[in-house]
Amino acid sequence: MEDLILAILVGLALAAVRLKDLLAATAVLGAYSLMMAVLWAWMNALDVSFTEAAVGAGISTVLMLAAIVRVGRRESSRDRAPLFRTSLGTFRSRIKDEGGRAAHARGARFSAFAACALVAVGLLYGIPDMPPVGSHDAPALVHPDVAQRYLHKSPNREDGTLGEVGPANIITSVLGDYRGYDTMGETVVIFTAALCVVLLLRPAPRRRSKDGEGA
Amino acid sequence: MNHVYIAATVTVLFGVLVVLRRVILGPTVHDRILAVNVIGTKTIVLLALVGFLYGRPGFFLDIALAYALINFIATIAVLRYMERRAALRSRGAANLAEEDDQ
Amino acid sequence: MSHHTPSPILRYVARPTVPFIQLYALYVLGHGEDGPGGGFQGGVIFAASIVLLALTEGWPYGRGQLKRGFTDALMPFGCLVYSGVGALCLLGGGAFLGYEALTTSLDPHVRNHMHHYGLMAIEAGVMITVTSSMLTLFFEMSRPEPGDPWELDEEDEAGGQHG
Amino acid sequence: MTVLEVIAAVLVGIGALVMLAGAAGVLRFPDVYTRLHAAGKGDTLGQALMLVGLMLVAGLTLVTVKLVFIVLLVLLLNPTATHALARSAWVVGIKPWVRKDAQTELPPEPEGGSWKT
């Protein structure tokens, strides 16, 4: 089952990368989030699945659309100078390109590719050290002050014994209580992001002489 | 009953795989949005099925409900964007017009 | 029929759906202690409902009902709620965000309840910040251009269907 | 398996097949407008059948209430999204598919858009 979902995910990811039309790519990314949420639900990570549903499929699609309104819908062909594959069309466009534009784009793409490859190799190198999914002797699970404590001490029991925090959903206890500082930081980060957008994109307020708010 | 759930899940996932071809092939953006919308509906059913399979459907249905709402909003957002583009083009707004040509 | 305005079917479906979505967002916020959900998800869903309203009803609606200054004020207000609860705990003699300090009672059940209320308060703070930030992001990024038909102004309204 | 469960299993099975048929339609039909038929009807009916089947399993609980909400919501929102899609396709100027030998006249172009195939 996971294999099927993963195959769908890979297909969607490839489609999103290949599409030149950013609008279509946004739609595809929405579908990607949908399938990702199914995968999370399949792995019983309900809170993550919920967040993926609400943020990945909903708001981020809407925000990407809003961004596309600003930057235009097509990826320009100059940014897509092929790395390995050369077709006649791109060859022609490279001849037409005066100066070293295409070469420059090629260089940029190559360095981007190299950076991605480097990170990918690093991540792949790290994978063998990780415990298998759901392993019972994973370090985070065995450590008495991490998962063991959250799982056994935080919720209130049904027989009336009080836990350290209370809620049945341990994730809420971790986010709000054990890791309360981190969550506060996250909230401030969201606030900061919105603040930056306001500072960058909002036009300077006009004088009141015209018709009130400058839209 | 679990066999039924698993069979239905695999069937619906296979349906997603079929629709996926439409997402990748296109040809128009509307085809892709349509296919994504279909995948969204299938996702709702998938979540419900997985919930019943795991024997605690309540929580999974919360997510499915959120999906039903969110999927609609995302679809409408894309469509409104496209209608807006078309309207802008018909009014001859120069700043956006030329980008839409293939 | 002018196609600059959204289809009337869409508007009549979206309008009654929006309060339902908002109610559901509040449910998600309140339900976060027992099941999946919480301030972040609830806030995002709430913001999505208002985005839907703006998409179907046009900008003056989204703007007229929702003053820019209001969302601006809500963004830091949510952070303030969060850190304010923490500061209250400090005043009560406990640790920052140590919710037990909010009560002077020594009864463990009361203290446990205070935990509950403290968690609810900070989740509400998160929700406020997330909702207003998402709305600000969306409204600022897709502000109508001059001459943009998305601004459903009077002439469009009169030419299309009644609102 | 009780009788109720058998009925539920049948409903879920039919629903899954209907959804699969809808998916096949989305893949095989010639243009957006025809594909919308497959998607809008097949999916809406399929999910309703499957979730009603699941309701039978759940019995009279909160789960059923949530399922009813989801079914009603999708029954409301899915056709609306389909309608919006068709309308948007029309406004953007996507040409409806007609059989080559058909005598049908194409409807007039929408204002502002030119036919695009």
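Letters A, B, C and D name the chains as they come in the text, with residue numbers starting at 1 for each one.
Quick note on the criterion: contacts are C-beta pairs under 8 Å (C-beta built on N, C-alpha and C of every residue); 3 or more make two chains touch, one makes a residue touch a chain.
The structure displayed is predicted, hence computed values, not measured ones.
When the C-beta pairs in contact are tallied for B-D and for C-D, the bigger tally goes to B-D. Centre-to-centre, using mean CA coordinates, subunit A is 30 Å away from subunit D. Centre-to-centre separation between subunit B and subunit D, using Cα means, comes to 11 Å.
Remark: subunit C and subunit D have CA centroids separated by 31 Å (rounded to whole angstrom).
Here the CA centre of subunit B is 24 Å from the CA centre of subunit C. Those residues of subunit B in touch with two or more other chains are numbered 14, 16, 33, 35, 58-59, 62-63, 65-66, 69-73, 76-77, 80, 82-83, 85-87, 91, 96. Multi-chain contact residues of subunit D, defined as those touching 2 or more other chains: 73, 77, 80, 84, 87, 91, 111-112. Residue positions of subunit C with contacts to 2 or more other chains are 3, 10, 14, 17, 28, 35-37, 41, 45, 48, 51.
Chain contacts in this assembly follow no simple pattern; the graph is neither a line, a ring, a star nor complete.
In the complex of the two chains, the subunit A residues touching subunit B come out as 1, 4-5, 7-8, 11-12, 14-15, 21, 23-24, 26-28, 30-31, 34-35, 37-38, 41-42, 44, 46, 49-50, 53-54, 57-58, 61-62, 65, 68-69, 72-74. Contact residues on subunit C toward subunit B in their complex (touch as defined above): 3-4, 6, 10, 14, 17, 21, 24, 28, 31, 35-37, 41, 45, 48-49, 51-52, 55-56, 145, 147-150. Every residue of subunit C that touches subunit D in the complex is listed here, in rising order: 3, 7, 9-10, 13-14, 17.
Those residues of subunit B that touch subunit D in the complex are listed here as 1, 4-5, 7-8, 11-12, 14-16, 18-19, 21-22, 28, 30-31, 33-35, 37-38, 41-42, 44-45, 48-49, 52, 57-58, 61-62, 64-65, 68-69, 71-72, 75-76, 79-80, 82-83, 85-87, 89-91.
For subunit C in complex with subunit A, the touching residues are 28, 32-38, 40-41, 44-45, 47-48, 51, 63, 68, 72, 75-76, 78-79, 82-83, 86, 96-97, 99, 108-109, 112, 115-116, 118-119, 122-123, 125-126, 129-130, 132-134, 136-138, 140-144.
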